[in-house]
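Next come two complexes, and both contain chain A; in the first it sits with chain B, in the second with chain C.
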Partner chain A sequence: MAVGQARGQGRGLRIYAVLYLAFLYAPIVLLPVFAFNDSTIIAFPLSGFTTQWFVELADVPALHSAVLTSLKIAVVTALISTLLGICAARAATRYRFPAKGGIMGVIMLPLVLPEIIVAVSLLVVFLQIGLELSSLTVILGHVLICTPFCIAILNGSFQSLDVSLEEAAVDLGESGWGAFRLVILPLVMPGIIASLLIAFTISMDEFIIAFFLSGSDPTLPVYLWGQLRFPQRLPVVMALGTILVVASVLIIILAEWFRRRGVAKRGGSDSGGFL
Partner chain B sequence: MSALIALNGAQKYFGAYHALRDIDLEIGQGEFFSLLGPSGCGKTTLLRAIAGFEALDAGSIHIDGHDMAGVPANRRPTNMVFQSYAIFPHLSVAENVAFGLRKRGLDAKTQAERVGGALEMVGLGGYGARAAHALSGGQRQRVALARALVLEPKVLLLDEPLSALDRKMREQMQGELRRLQRHVGITFILVTHDQEEALIMSDRIAVMFEGGIAQIDSPEGLYRRPASREVGAFIGQMNFLAGQVRSGTDGFVAQIHGLGHVPLAAEQSAEPLAAGAAAFGMRPESLSLLFDGQAQAASEATGRIADRAYYGDMTYYEVALDGVAEPVTISMKNMVGQPVLSVGDAARVAWDPRALIVFPGPGTA
Partner chain C sequence: MKDFARGLVLVSPTALYALALLVAPMAAIVLFSFWTQDYLTLDTTLTLDNYREAVTDPIYGQLMVRSLYISGLVTAVTVVLAFPIAYYISFHVAPGRKALWIFLVTIPFWTSYLIRVFLWKVILGFNGVLNTSLMGLGVIDAPLTFILYNLNAVVITLAHAFAPFAILPIFVVLERIDRSLLEASQDLGETALTTFWRVTLPLAMPGVIAAVLIVFIPTVGDYITPRLVGGPGGLMIANMIQTQFLRLNNAPMGATLAVLAMVCVTIIALIFLWLNRRFLRGPD
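Moving on, here comes the complex of A and B:
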């Protein structure tokens, strides 16, 4: 009877959940639908199946250079923000220092700051100090917004570590660095990989900061936005969008897989994460 | 016996908190030594200072004649078994045990032999290939022991190693640790808050309160001759009866409120006997109930059972003695054919004056 009651109560929630998911994902599902549609007009009814738009993608040099720029920026951003994240997460979980809460709060602030504000302020600062807009300025902006995500992920990894583990390694004869390399690093490695992948993904599809700071080398999202001005190019953009969605989903799944493997490896129980 | 470990005037502050107060301590080669005290008494800080994880603010630590000042934990001849065991979860059992051997420059065969030997010694032979995180609590502790002992330290430090185990496992490990210590002959320093555990396992015990050492003695010495009321109350149970020490014609006499006077011997007090107010300590087993038909004892009192706790082999009675302010605790072995009294029953109590321990000063607490 208890089960029957639970079912009755669950119906409203279930309908809500389905609607919620539809609202969230239906637009994304439309992307591949029109990417394979044999028409330059984005409207129903569909007129036929084609892979023409994907073929056209292959010979647009400007697109290829945008992809390369984005990849370069995303890789460097992922490396820098993960390294900063490791330092911050270790400091936050291992050491006590004055105004720790405030400092951590300020570091995490870009997570909730409107990106447009960050982008405009950075633009003003870079112009003031005479830094020319380039991939470097985009990287600086992306590190700023990616680092909080990296810290959030890595904090979890570092927090679940027993402090005695490091002391035990030192007690058994290792130096501080040896203990970190042989014990701490392997145990947080899944978190580090997850952090790299998340930062890479965020940087890869970030638009606002890249739009303001990329100068003459557009990133992929900036290039895509430029293409939207030409209606006949829209299906090609849809095709590209489809590839990006699939790639993003794969990377996020990979990141989560690494994080869970890390939890299982330590024999711990799962306590959240991004997925 | 020259001391393997010597602490002189060791002091440690955490901010304004005085964690170690002027600790003087000598521990001999091959001794099983316990640091016993309630939580927050400084026993773990003292252990960590010996291990090299806490630097002293004053005083010195010598191990085997060498001053340990400025010697980091990784270069001290000590190894530690942590309260959480700190088994490296990403390594196998054998890799855990081999961790400290890596820097010794042994060839693979010798290293594997020593790891195997250490695991054999703690009863985990054949467990080498197991993943460390799949072990039970007792097994993790054995791995922690093997990992430390395989390095053949001069001193093994154990930080509450049994507190995470269930009762049965704990009792089993107490015996095993004791046997292991005798077998390897290494000095063990055990930190525990469990007085029973300390009594069972140790050669000598240091009782610590509030950062200072209250008494160092053998388990028997601590139990029979506690140096202060605090130690007496902390080690086992003790009844405190108010009264006076008086000097009589044949030496000193204890005048106990409600129980009359009995002669005292010098060894019944940690300090030289002197006339004045005192509390008289008496262990629950030094008092006994007399049942109907049992002969009169030399020192006898009457009272009423105020409370009772039945333990199977023993019964602990709270008895309100006539004319005595505080009820006394009496432990009785439950013998066949002997009744178990109920709350409210009248009781005859015999007590042994030779078991009195004198603590000078007023009050019974």
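Moving on, here comes the complex of A and C:
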């Protein structure tokens, strides 16, 4: 009786779960549908298949420079925030130090802070100290919001490490740094790669901070925002969006694969997902 | 070197970065909110003028109340919709497939927020996907107008965007619940429903509380969604902050609104935590 009840409940929940996933995926599934639709009006019924919108993307110089700007910002952001993430995650998982909770709390704060608060506070400071708005100012902002995500991923990697591995290396004559480089680093490498990929994706897609801080060099999302005002440009926006979403999903799958490999490498069991 | 010194040295680059680019700028915003600006000249005498204006001008108060109301609504909808998913994954999915489900739930979150919000505009519009489909199927005769450029659209879009933030903390807490407690409850005569109500839910509350805060706090300051799908009746405080900074050249007023928004959010979050304090006490 109880088993039958649980099974019935499971079936109901399963239907709900499938509907919920449909809700979650609706926007990104419809995106390519309209990107390949041969009409400037974004509505059903579809009128025919075309790759015209993708072809048009090839001859917009402003778009190409926005892509390059975004790539540059995302790569630098990924490197710096992962480096800062390694320091903080290693410190938090291996050592005890005064005011640890407070310090880590401040570092992780951007995770819940509305992005507009981060954006305007940085804008005020940059303008006051006379730092001209450019890709550099966007990078400074992006590193701030990416670092907590990197720490969340890297915490998982560092936490499951066995301290005795490191102690064994030190007993066998390695210096502290040597032990870290030869023993710890290889074990957390998959986590580091996952962190790089996640930070890259967040930076590529981030809009608000870039909107406030990018000055005359728009990033790709800022360029996209400008295009949304022109109805006749919408199919091209859909095509561009499709490419962006496919790229993000591929990078995320890659990051997840690395993260899982890291978990397996350290002999842990998988609890699922980042964060 | 002592362990705690090592820890401090190691954490210092990240901590100093946060100090320089988060704590200092937030302090600067607070300072700025006491200054005034007349077109391009900044007057650095400390004054409460901005706060006075923010409190007396009904536009600001109205936007603030609406932002908090929308965020509250979004939080309720998001968490209520997310709980069954977290529950399903934790209790009804085979252990080997849980990671896959959690990953599936988070994938959309990693794609461009701007694109997703824009797609909701396309889906919910007057000539949008939903209306043209429903009319094509003969379900409705005229387009539904209550789903775009108003509050409903903002709630739907934000509930979509923040779904993983609600699912993950609840899932983590559900995973930690000792399953034998549930069996004990049923052995002692509780039904499945009362077991859920009296055992599972109270034990899951820390996750629900975390989910509420993680959704509520950032949504108050959301800019893209109200701007793209909110219409005039769905604008929120972040839109006004942006206007003050980038359009009206009144950064001090924008700073004041930012500070007030953060203060309101903090107060509400603290009240919420206090109301739920009995769920957060550790086992003693």
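As a working rule, the second predicted complex is superposed on the first by the 267 of 275 C-alpha atoms of A that agree within 3 Å, B and C clash if a C-alpha of one lies under 4 Å from a C-alpha of the other, contacts with A are read in each partner's own complex, and residues count from 1 in each chain.
Simple rule for what comes next: a residue touches a chain if its C-beta (ideal position, glycine included) is under 8 Å from a C-beta of that chain, and two chains touch if they have at least 3 such contacts.
The structure presented is a predicted model; accordingly, all values stated were derived computationally and were not measured.
Asks: Check chain A with both chain B and chain C modelled on it and let me know: fit or clash.
Replies: On the superposed model, which is not a single observed complex, chain B and chain C fit side by side.
Asks: Output check: A:P98 vs chain B and chain C. Expected answer is one of first, second, both, neither. What do you get?
Replies: second
Asks: Can you tell me whether chain B or chain C touches more residues on chain A?
Replies: The larger set of chain A residues in touch belongs to C.
Asks: With both complexes superposed on chain A, which partner does A:L71 reach: first (chain B), second (chain C), both or neither?
Replies: After superposing on A, A:L71 lies clear of both chain B and chain C.
Asks: In the superposed arrangement, does A:L79 touch chain B (first), chain C (second), both or neither?
Replies: Neither partner.
Asks: With the two complexes superposed on chain A, say which partner A:P45 touches: chain B (first), chain C (second), both, or neither.
Replies: Touch partner of A:P45: chain C, not chain B.
Asks: Just to be sure I read the superposition right, which of the two partners does A:W225 touch: chain B = first, chain C = second, or both, or neither?
Replies: The second partner, chain C, only.
Asks: Looking at the overlay, what does A:Y25 touch: chain B (first), chain C (second), both, or neither?
Replies: A:Y25 contacts chain C only, not chain B.
Asks: Pick one for A:L131: touches chain B only (first), chain C only (second), both, or neither.
Replies: Neither partner.
Asks: Looking at the superposed set of three chains, what is the minimum CA distance between chain B and chain C in Å?
Replies: 10
Asks: Which chain A residues come up in both lists, the one for chain B and the one for chain C?
Replies: Comparing the two interfaces on chain A, one with chain B and one with chain C, no residues are shared.
Asks: Inside the complex, what are the residues of chain A that reach chain B?
Replies: Counting only chain A, the residues touching chain B are 162, 164-165, 167-175, 182-183, 186-187, 265-267.
Asks: Could you please specify the touching residues of chain B with respect to chain A in the complex?
Replies: 51, 53, 72-75, 78-80, 82-86, 88-90, 99-100, 103, 133-134, 147-148, 151
Asks: Using the touch definition up top, name the residues of chain A that touch chain C in the complex.
Replies: Spelled out, the residues of chain A in touch with chain C are 2, 5-6, 9-10, 13-14, 16-17, 20-21, 23-28, 30-31, 34, 41-45, 83-85, 87-88, 90-92, 94-98, 100, 103-104, 106-107, 109-110, 112-118, 120-125, 127-128, 140-141, 143-144, 147, 151, 198, 201-202, 204-205, 207-208, 212, 221, 224-225, 228, 237, 241, 244-245, 248-249, 252, 256, 260, 270-275.
Asks: If you look only at chain C, which of its residues touch chain A in the complex?
Replies: On the chain C side, the touching residues are 3-8, 10-15, 17-19, 21-26, 28-29, 32, 81, 84-85, 87-89, 92, 98-108, 110-116, 118-120, 122-123, 127-129, 132-133, 136, 160, 163-164, 168, 171, 175, 186, 192, 213-214, 217-224, 228, 238, 241-242, 245-246, 251, 254-255, 258, 261-262.
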